[in-house]
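Order of writing sets the labels: A, B and C. Residues in every chain begin at 1.
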Amino acid sequence: MIMFYLLCFHYALCIMHCYLRRGVGIKEGQERIVEAYVGEYASGKSEVALNRALNLVRRGRQLVTLVDFDLVEPFYTLRPLQKELEKRGLRVLAWETEKTMGLGEAGTLLKPEIRWALQRAGDVVIDVGYGVAGAGKLALLANVKECLELRVYAVINIARPLTADVVGVVDYVQSLGTVHGVINNSHWGDDTNIRIIQEGAQIVTKAAEVLGLPVIGTTLEQRFAEQIKGNKLMGKPLFFLERQMNRYLW
Amino acid sequence: MAIVPNMPRSWRVETKPHKFCPGCGHGLVLKALGEAIDELDIQDRVVFGCDIGCSLLAWDFFNVDIVQTHHGRTTPVMTGIKRARPDRICIAYMGDGGGYAIGSQHLVNAATRNEKITAILVNNCNYGMTGGQMAPTTLPEMKTETTPYGRDVEETGYPTQGPEMVAAIAREGAYTARGTVANVRQLKNYLKKALQNQLEEKGFSFVEALSGCPTNWSTNAKATWAFLEENMTKYFKVGEVKVPVKEEE
Amino acid sequence: MVEKAITGEKRAFMTGNEAVAWAALAAEAEIMYGYPITPQNEIMHYWTRLAPKYGRKFLQTEDEISAGFTTCGGVLAGKRAFTATAGPGNILMQEAMSMAEMLRIPTVVVVQQRGGPSTATVIYSQQETTLTCFGGNGEGLRIVYSTSSHQELFDYTIKAFQIAWKYRFPTFVLGDGYQAKMRESLYLYNPEEKGIPLAEPYPFLGQEGRPGVEREPSHLRNTYNTEEELYQIISRYVEDYERMTPEVVEYQASDFEDAEIVLIAHGIVSRAARAAVKALRSEGLKVGYFRPITLRPFPVGKLREIAPKAKKLVVAESAQGQLFKLVQEALYGETVPLEPYFKPGLGITSEELVEFIMF
């Protein structure tokens, strides 16, 4: 009897699955954006990912989904922001703290709908948690190999001791698996100054050369905009961040 | 003139006569261990840890460095020392309660990790120091203070087969054996091989020693010996259980 | 000799757990023993990433009982050894720490408090104050530093090794889940370059020379035969502890000279308290600030100096009166009223403290 229910459940899932896949249908002329942000612990990848997602919404792209794929620290990432982000037009796939229990202990619990995140219609921005598996964690997502649009970006903060110099950045990015580009997100939180941002751009640029990867650009707070001439650093674009994560104690 | 007994060189004369009860097996186990230490000439390198229970009475027994720890916790203390100072020969000395009950997780995990230490466990079928309660090794039907009608295996399970358990979980390179104070020469041989195993950094080594507790068994010398040699060995088979495979020449 | 992990001074951005791992490296800790528990895991994650690069060691044990006792073993062997834990793990570790108290083993334990009792939350609280200060079946002969920032986690972890080995009392760095996980910048430095002494470890066991022949054997025990024998030992320990107290005790105090109300908090809550005092002062209210940095030994002298001048003391903590009890004990005999602001397991902001004091 139990087996019967299980089978029914599985069947229902399959139907849902097919439906979702059909739903992917991208409109002609609009290329779907699927990006995953990986980085060292506290590199700022969550901040970068969520700003990117908000930016896509602002640009008028329909259906932008932000996926909290942090399996190591499910209590300390996007969750407190979820409702607010949804109000701003984002779709957020994350556990809600009140609906979970003991997740810090069993922290590798994957929310089922996240597994099928790549099948969602529209753009998908994935915040990948830190951990030894690096970008390898993405293998947990269904159809990741078939998802040709997927771009994986490494977020680098040179204030992180393990990625403080060119050798460190190269070693680190090489440990991540497939990566399509690197982003300079060098900062000291509230204590950030222009020097660390500029030094970060230099180190990330040199490391990217060694790695044979493009530098996507530098992410920084708006308050530094005036200190940079020409809206570029090391020839690469600037992306301004509206800090969200610092509003929470962690 | 007093007779000077023949003591192992590594024994500390100043602390003799020792504090164990008359007829207790601990003295014999520690004699076998003292001789093994002497023969391997490792007195300078041994760090000896003893548990709570009667084994703690060994805290000043040898002219080696000794720490007396908590009930069941000698294995992790010795593990900690060995990890920090791999050049020391670490011996964890405990009773059946310490090794198979309150500290069983430490024994199991030290064996699983193949810690390069030597654990020696004295099995006398009861908790001696606290007054003769049931131990994990109490034989079926055996009366103790907490099994006044005899150990009911339906209620309390069967006695722990320690060396067999350790042999089942330890990796290649581990040494496990069960000796008895009824055959001190053989016991010394096992202890020596166990220590040799640590010296050669092959793996975990574990020796259980069957021992008598006349005080709590309320037995005279003859009955103690009979219980040890007949009742206990029926259940606890004496011999080597796991020996590292000799490396091919 | 271990390899230097940090040379010069470097500003870095990281979580509190990482700051602890870097501090242990900077303090030249040689081995960590540990067992996973949230929210301290990244101390182990970063130690295991960094340790092999600098010739340090790690052992993941079977539980916190073992982590505590292996740490005792590492220290007995003469190494700067440490462990880290939280909540239910802290409970299990108390057994080993009571042995450390009795044998005067200078263990270093970093505690990142989580909610309690029981499993509770993995997130945050200040409910391990009593346990960390007085855990075990003894007199709480330990040193407990309560930190409030990443810089302090770094500074006091380094200090913990040095103080533990100098005075031979088990030493704790008491953080919490927020400090463990939040991110802020701090300066990493090599303590020796700043003239901060490192712990000077020595073996308690396994020294050179044939025991009983070339030297006395080290025979350490925690079991005593008679009440008198134990009484003598503990009295000597208490005397040592009291002699040490003025050299070790630390606190922060400000704005208390003319203060009508003094706000008392420890750990991360003291950040909110300090900000609240600043805000209240700008409103013209005479509010002072007191923060014990060492919870054991407690800065009794300074508090007794400040308290009688005030009309009221407010004790704010993310627990139901654990700091309050320490304050009460320190002020026994004083008549100044104590007002509690208790939020067990919940963070406290400066805004709510301002509101509490103003209205």
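The working rule: contacts are C-beta pairs under 8 Å (C-beta built on N, C-alpha and C of every residue); 3 or more make two chains touch, one makes a residue touch a chain.
Computed from a predicted structure; not experimentally measured.
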item: Closest chain to the centre of mass proxy, which here is the mean CA position; value: C
item: Chain at maximum distance from chain B, centres defined as averaged CA atoms; value: A
item: Interface with more contacting C-beta pairs, comparing B-C to A-C; value: B-C
item: Centroid distance [mean C-alpha coordinates] between chain B and chain A, Å; value: 56
item: Averaged-CA centre spacing for the pair chain C and chain B, given as whole angstrom; value: 38
item: Centroid distance [mean C-alpha coordinates] between chain C and chain A, Å; value: 36
item: Complex interface listing, chain A residues touching chain C; value: 41-42, 73, 75-76, 102-105, 107, 157, 159-162, 164, 187-191, 196, 249-250
item: Of chain C, residues touching chain A in the complex; value: 10-15, 18, 22, 37-39, 42, 45, 49, 114, 119, 121-124, 177-178, 181-185, 188, 268, 347
item: Residues of chain C touching chain B in the complex; value: 30-31, 33, 57, 59, 61-63, 65-66, 69-74, 76-79, 81, 95-96, 99, 103, 203-207, 209-213, 217-223
item: Chain C contact footprint on chain B (complex, rising order); value: 12, 43-45, 47, 52, 56, 59-60, 62-70, 73, 76-85, 88, 105-106, 108-109
